[in-house]
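Let me begin by presenting the structure, written as structure tokens, before commenting on it.
We call the chains A, B and C, going by the order they appear; numbering starts again at 1 in every chain.
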Amino acid sequence: MFAELTHTGSTCAMMNLSNRPLPLHVLRAGDFTVPMNDRLFTRAREYEERFWKDRKGLAQTHEGMILFNIFYEESSRTIASFAAAAMHLGMKVHSTQNAGQTSSAAKGESLPDTIRIMDGYLPDILVLRHPADDGAAVAAKFSAVPVINGGSGRGEHPTQAHTDVYTIEKRMGRIDGLTIIIGGDLMNGRTARSLALMLSMYRPAKIIFVSPLEVPMGSDVTARLTERGISFTETDDLRSALPEADVVYWTRVQKERMPPELYGKIKDRFIIGQQQLALMPEHAMLMHPLPRVGEIVPEEVDHDPRAGFFEQAHNGMWVRAALISSILDRTLYAP
Amino acid sequence: MFAELTHTGSTCAMMNLSNRPLPLHVLRAGDFTVPMNDRLFTRAREYEERFWKDRKGLAQTHEGMILFNIFYEESSRTIASFAAAAMHLGMKVHSTQNAGQTSSAAKGESLPDTIRIMDGYLPDILVLRHPADDGAAVAAKFSAVPVINGGSGRGEHPTQAHTDVYTIEKRMGRIDGLTIIIGGDLMNGRTARSLALMLSMYRPAKIIFVSPLEVPMGSDVTARLTERGISFTETDDLRSALPEADVVYWTRVQKERMPPELYGKIKDRFIIGQQQLALMPEHAMLMHPLPRVGEIVPEEVDHDPRAGFFEQAHNGMWVRAALISSILDRTLYAP
Amino acid sequence: MFAELTHTGSTCAMMNLSNRPLPLHVLRAGDFTVPMNDRLFTRAREYEERFWKDRKGLAQTHEGMILFNIFYEESSRTIASFAAAAMHLGMKVHSTQNAGQTSSAAKGESLPDTIRIMDGYLPDILVLRHPADDGAAVAAKFSAVPVINGGSGRGEHPTQAHTDVYTIEKRMGRIDGLTIIIGGDLMNGRTARSLALMLSMYRPAKIIFVSPLEVPMGSDVTARLTERGISFTETDDLRSALPEADVVYWTRVQKERMPPELYGKIKDRFIIGQQQLALMPEHAMLMHPLPRVGEIVPEEVDHDPRAGFFEQAHNGMWVRAALISSILDRTLYAP
């Protein structure tokens, strides 16, 4: 993975590569294991506690270090989440938003060139969002600086999967044994896919995929679950599934990806409001990767203690802080 | 105002709300009193002095704290003013420019959702510019983090009003007893409105509103002045008003808001150049919220010691620094 | 140059100008001399070494100071380069990208007004990129804060010229006595022009300008070389020039500036790949200001130790750090 750089003698010298260890990248949720997640989540929890007890100390842990956000697609939330995570650790942040249009990319520069140039400015972490499914992987191939995949096309969004699993574990105390609904447009939503894949590392009691029949969860994901011996069902009937759920992970049914008549026919069955809430167990949690645009009714749901989506966004910031520091102290993949 | 958050148990826990005092917001100029302004302006002056004497010490006062600029409308000047204010206090800054297009808002996310998500990243201050007249008020309703209104639609721009009153007081030594011209398109300019409202808390000798007859100051503002017993007149004749002015607060006549033939007829009477300057007393000050685009003639006016508009922009930065720190140490509304 | 500010008494007082020395600007490559460059490059080298040995110490040298990037044209690379340079020195950075559209400029504000307002926020350095050839010069005229020209129209890009000369000297050990090819669309490329002008201060053995005959190097530049007694030739035949080159500085042939049939005819002769590399001496270096969009073939060239363009981008960051600190400690033009 590092070949492109190491065979360039001059680049080696310039970046002092011979004295630097190989960078640790965060590219795919599938590169993680339960013990790795455990370490990561422990650190996220420690950071949160320390913030409230010793914020100043926390903000000195990574003073003088630098994170670059390089976003080819706009996402003010994810950029701000990484920026805040780095800042709470004391790092400085520089963000390039809309890199595809505001930069050399508009003049036709390739991603590998952009990455190698940004590398040369010696940031400690590059966070990349890119429209190509293999954007982060390509970047990592050329980068002497650790790359965090902040979302690559319709492929992966690993820090969201970490956020989701961390949130379930934090609120429910565990993943194993839970019944988890994952719902929405499962064919097209990358967060639903990533979550299911990461859950396959655990022992949930059951995963219930709820989607319009036209946009089911991909067979690569269900094959993985089968392979791991994890029980799952598929249905388009949310109401019958809700009573047994410990967690409801809800996403948007993407209007623009289906014929208007189909969308009109199904959309009412894919909205969570008071009636759906009434069917959910008292102890359950409702999650959503956000933004939501109608598939959860704010006035009917937000006041309910089961609503966990803002907590989820908040947790994501601490998970990202833990990822950043675990890369920098090299405990991410091995303690 | 805080209800939306406090009844969400989980949000409370997540944000450690039970241990945090209610946030102090800066939403409306009308929430302030003269003693509050006095405290604020004293601090602004102290910060300015300290900057030149002990800049390093000043830049350590708020180390590790974070300000988020969230701007739905573009304004590089106001963003930079808040950013510099926070940075001179030692804070870190993350700015989302053009939040309406570059973010989840483009996907249809509501302002309350955006605010609650940004809150979860634990900044110390949110500065919001929003096109809706009640943008900042809505944000404050949902925010556990202090919100500063950085301009809401055509409604309020309170930090500009503070800047203006501070500038008058700093240069002229007082507000009471002064004759103050407020001129331009008074119906549509929010800075002129906010200034008049804030002046109504003081005892100026007289306010002279100078505008085309078609776009007079709103009757809500003049009613307030009457109620407070503050003398004012309205005219479209700048030249006759100038000789008695201690302060001339000039704004743009907004071409796009009137018929072309009207604009052509009046515009020459609403430009300040050498001839108008000749009619102003020697001790007077000419102000403008900036940007200016023709209503003050640079070559004829900028060299004159009465020109106070760049000083005004500069003062705004220190006023914002004082607002930020008075929120954070909770002395803003009560010492 | 400073007149506009000093005759405004009030601005003087506000900015504490009477107690501040005149700002040092970086506007033109031609304002520098070899001894000035030597000092600058020595510092760039020291910063690079210190980064690897004592990064924390380096990041404390300019703590609390502030750099503003004000870019009227988009350039995520140059913005990031200045941002990283300042951050590695411990400074805080605020960047306005696309200032022409996202700001008061869109409302018609003039550059002098924008600069005076930004000045009032008391940054330590303003980096300006502006589409007008005299953008930086105009800004400097009105600024009490040091202005660094980050690229002005088709005129100047002095920090790129410094980067290029520094890179040659660092890799080759010297400038004097070298044979340097400068190639591409020499009529329209400002980096090629700036480099040739800065090389004219040294004693290279020869400069070979390689370009389509239709877009030769400007006669003002060649006149300067003649005046300084520097030998140069002009050709459109890259292959015959390559064997004697110590340095090949390659730039883009700008398709959009010539008739399509001409471009089609010549473009193949202005691409550097394996065949061209085979003609270059073993010790030579290939440079490019980047971004490249086809005029250097990545798969054939990037692995070659002679490829120096990423090193060049990296060097630019340290040269900019050296420029920033030499302005701030006032050793830039005189030690």
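Note that in this section a contact is a pair of C-beta atoms (placed from the backbone, for glycine too) under 8 Å apart; a residue touches a chain by one contact, two chains touch by 3 or more.
As the structure is a prediction and not an experimental result, all values here were calculated from the model.
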Ask   = Do subunit A and subunit C face each other with the same patch, meaning over half of the contact numbers show up on both, or with different patches?
value = different
Task = Tell me the angle, as a multiple of 5 degrees, of the rotation that maps subunit B onto subunit C over the C-alpha atoms.
result = 120
Message = Measuring centre to centre with CA averages, how many angstrom lie between subunit A and subunit C?
response = 39
Task = Send over the residues of subunit B in touch with two or more other chains.
result = 92
Request  = Enumerate the contact residues on subunit A facing subunit B in the complex.
outcome  = 51-52, 55-56, 59-60, 74-77, 79-81, 83-85, 87-88, 90, 92-93, 95, 97-98, 171, 290-294, 298, 302-305, 307-308, 310-311, 313-315, 317
Remark   = Listed in rising order, subunit B residues that touch subunit A in their complex are 4, 7-11, 14-16, 19, 63-64, 66, 68, 92, 94, 96, 99, 101-110, 112-114, 116-123
